[in-house]
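Common to both upcoming complexes is chain A, partnered first by chain B, then by chain C.
Moving on to the complex of A and B:
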């Protein structure tokens, strides 16, 4: 009989990500507890210490986090990004298909972006601190990478299958829309963040208008070039 | 009935009843399926996944270039040599098929496409156009050179993929069906490229 293989290596990484967290159990426990203290104590070492104490570790456990408070911000970003997939699964499991049935890709992107923004609600009054932490030069690359991962996740979950240069433009534009809307949200005092929703819709509309304009220009230039070549061909030029 | 119980009762059965499939299957196949089915499914190691991603990305870029070369050459050559039209159309259809295969693989495995996409598009169109203008011999020489180069590239890739799979099996890990299918796909595409 064949010996039993130790494991089966599969090329579908995203199928496993939902089950495995990128944080080890200790980090997970401390950071989850610390995040609960953020609304009262902000993104500070105080929250980290309180979280460590709550889970039963010594205060010194925060030395587990070489990047200090940025690790707490990163934990929030990563968990909220991974929660988008769970949200989709919950919607899909509903009897009527959930909130996403019958929506096109654009509408799905809007839904997911809004959901991700609303996931900031509990700590939005502390988010400007987090943005300041993320803007520190040593943490800027990691923050931008996380934003790019979020943008990729939203487009992927919305069902985008493009694999040409629009892959890049879509993700870049969504990253800009998301970050500007998040910044707006930190000072939005309207009821149920209605102002943020309208801001988001205006940003999507901007991208649509600019996109339409660029594709119109592209079509025009394309048409002109082809007409020119065809005229020359009709005159007998071998091109 | 469990497979082990069957084997105890009947010393060397060649077929057993598979409860999962509700039919008779060969003992060897069923035992392999049972042992494989019980192993945990894990993702590829980082370096293996990066290698596969990069391989698929390069292949997509190559097929994009090949498709655009033919697309640029076709109007010029088929006007100058109408009898070549069916051959060119066959070659173009083949390349277009390969291109869509790699596009769907990239979308499925969530691999980012090449960042220099517009550069390859422009370069391939210019190459196809200029060789088409230079005449039939130049166009055929271009095709010949491109196909040989691509054939060697796919050959090397298949070799590296099989080496990777061999290393994984030496470590006692099993490779999932989709990776084997990927190797078969690359082999098939290499054969189609080399036949031209």
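Moving on to the complex of A and C:
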């Protein structure tokens, strides 16, 4: 079985990654079952072992995952990213053309970003654990690369085919909008995550107002870095 | 004059095959035995830098350990500057044997387990880290003298009357003959054994057979050092210092040289990983192995799907 290389891939405007699952059937079965234990047991080895047992394997089977719990976090990230494509296919198959008919690229980006955020709902109370794991030095490159893949996927699925100089800016802005909103969501107690939705819209609004959004990137970075450090501190990191 | 000799000894003599003069030394063990004539028509395998008929290697190997069994553990320390302890500890930590309270205890098979060094570590890990007092280790080795040394050690250990540690005379390449059933094992370990096997592929086939679905094959063995500068240093140590040490300490240069040669002749990480895959295992990660000490040794793992 091959995992994606855990290094930052160079993103190239003309290439969009394929949508095939990087997990073999055994990994897929164990990780899917493990993820169902995350709401109760968190992103922990216990969830991995329970998942392995549930599908008829053994506690020791988790040796299959050399990065341990990070492989479980990664599974969540990858499968939820790939689910966006399926979601669009379902929408497109509807008689009325689905939720995205008549929407421009910007609105489609917002729709997909919100969908992706909402896919975190079942585990959002555990997501700070995942963030702390992703922030471990050896996993940072893989985590950033996966975030970049998500941005790329969303722009691609939204129908953005432009390959001009804004390509990187768009993806960088979306990565920052996504990660800061996700962080906000971990602390959002509002009904049906209405607060998260508002937060997301304000971030998109910032980008719109500033035009290409470049000058505001600094603000996102500040916010994200700040909240992120607080999260890590709350997880016991000495920073 | 003396220093000159030492210096010459320190020069890496890497590719010069040395006849091992009927002596054999494993990770640290040596014994003399009658050399058989090679039969050119037969299939051959390596024995240090020598090439011997496959049928002979096994009997050579099985006789080798008899004379060294009592001093085996001490010799290991000397040969590897006690680093082998560190490797074995890392190996066990990586595998993380043992199950939490309420879960099914594990059946662990330690092949070429010799004096039980790995077995004790596996049990200690399960007991101390997981409060698992039920998982069991079966130590299998082709050599009765090594097993006897292991039994003696067990009798002095905390596992004395626990029923968690047992010993079995068995050939890794034919565990059926020793009565190890299909799909009966959670974790199969082997440390510094595979170099002595006549066929690693045959041992892997047996590992696959005896493991349960989801069970794990794990092997710790010498490998190839990646970094060229470090490799030079390592070769200097192994081809220069180790035989010298053998000469000084045991008055037996050749058998120490055997160790180094057999390591040199052994497979690369890629080759072993390929054999693990060919046996039907899923290998974890991109490469399927983990290097320790820059590749002086490596751990290969496989999961039976």
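The definition used in the following text is that the second predicted complex is superposed on the first by the 191 of 239 C-alpha atoms of A that agree within 3 Å, B and C clash if a C-alpha of one lies under 4 Å from a C-alpha of the other, contacts with A are read in each partner's own complex, and residues count from 1 in each chain.
The definition used in the following text is that a contact is a pair of C-beta atoms (placed from the backbone, for glycine too) under 8 Å apart; a residue touches a chain by one contact, two chains touch by 3 or more.
This is a predicted model, so every value here is computed, not measured.
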item	value
First, second, both or neither for A:101, with chain B first and chain C second	neither
Partner chain in contact with A:190 - chain B first, chain C second, else both or neither	neither
Partner chain(s) touched by A:40 [first = chain B, second = chain C, both, neither]	neither
First (chain B), second (chain C), both or neither touched by A:136	neither
Partner chain in contact with A:180 - chain B first, chain C second, else both or neither	neither
Shared chain A surface residues [contacts with chain B and with chain C]	1-3, 5
Interface residues, chain C side, partner chain A - complex	94-97, 99-100, 103-104, 106, 186-187, 212-216, 218, 282-286, 290, 301, 303, 305
Touching residues on chain A, where the partner in the complex is chain C	1-3, 5, 24-27, 46, 49, 52-53, 56-67
Residue ranges of chain B touching chain A (in the complex, touch as defined)	31-32, 35-36, 38-45, 48-49, 52, 60, 76, 80, 103-104, 106-107, 109-113, 115, 117-118, 129, 133, 168, 171-176, 178-179, 182
Residues of chain A defined as touching chain B within the complex	1-14, 16, 156, 161-165, 167-168, 238-239
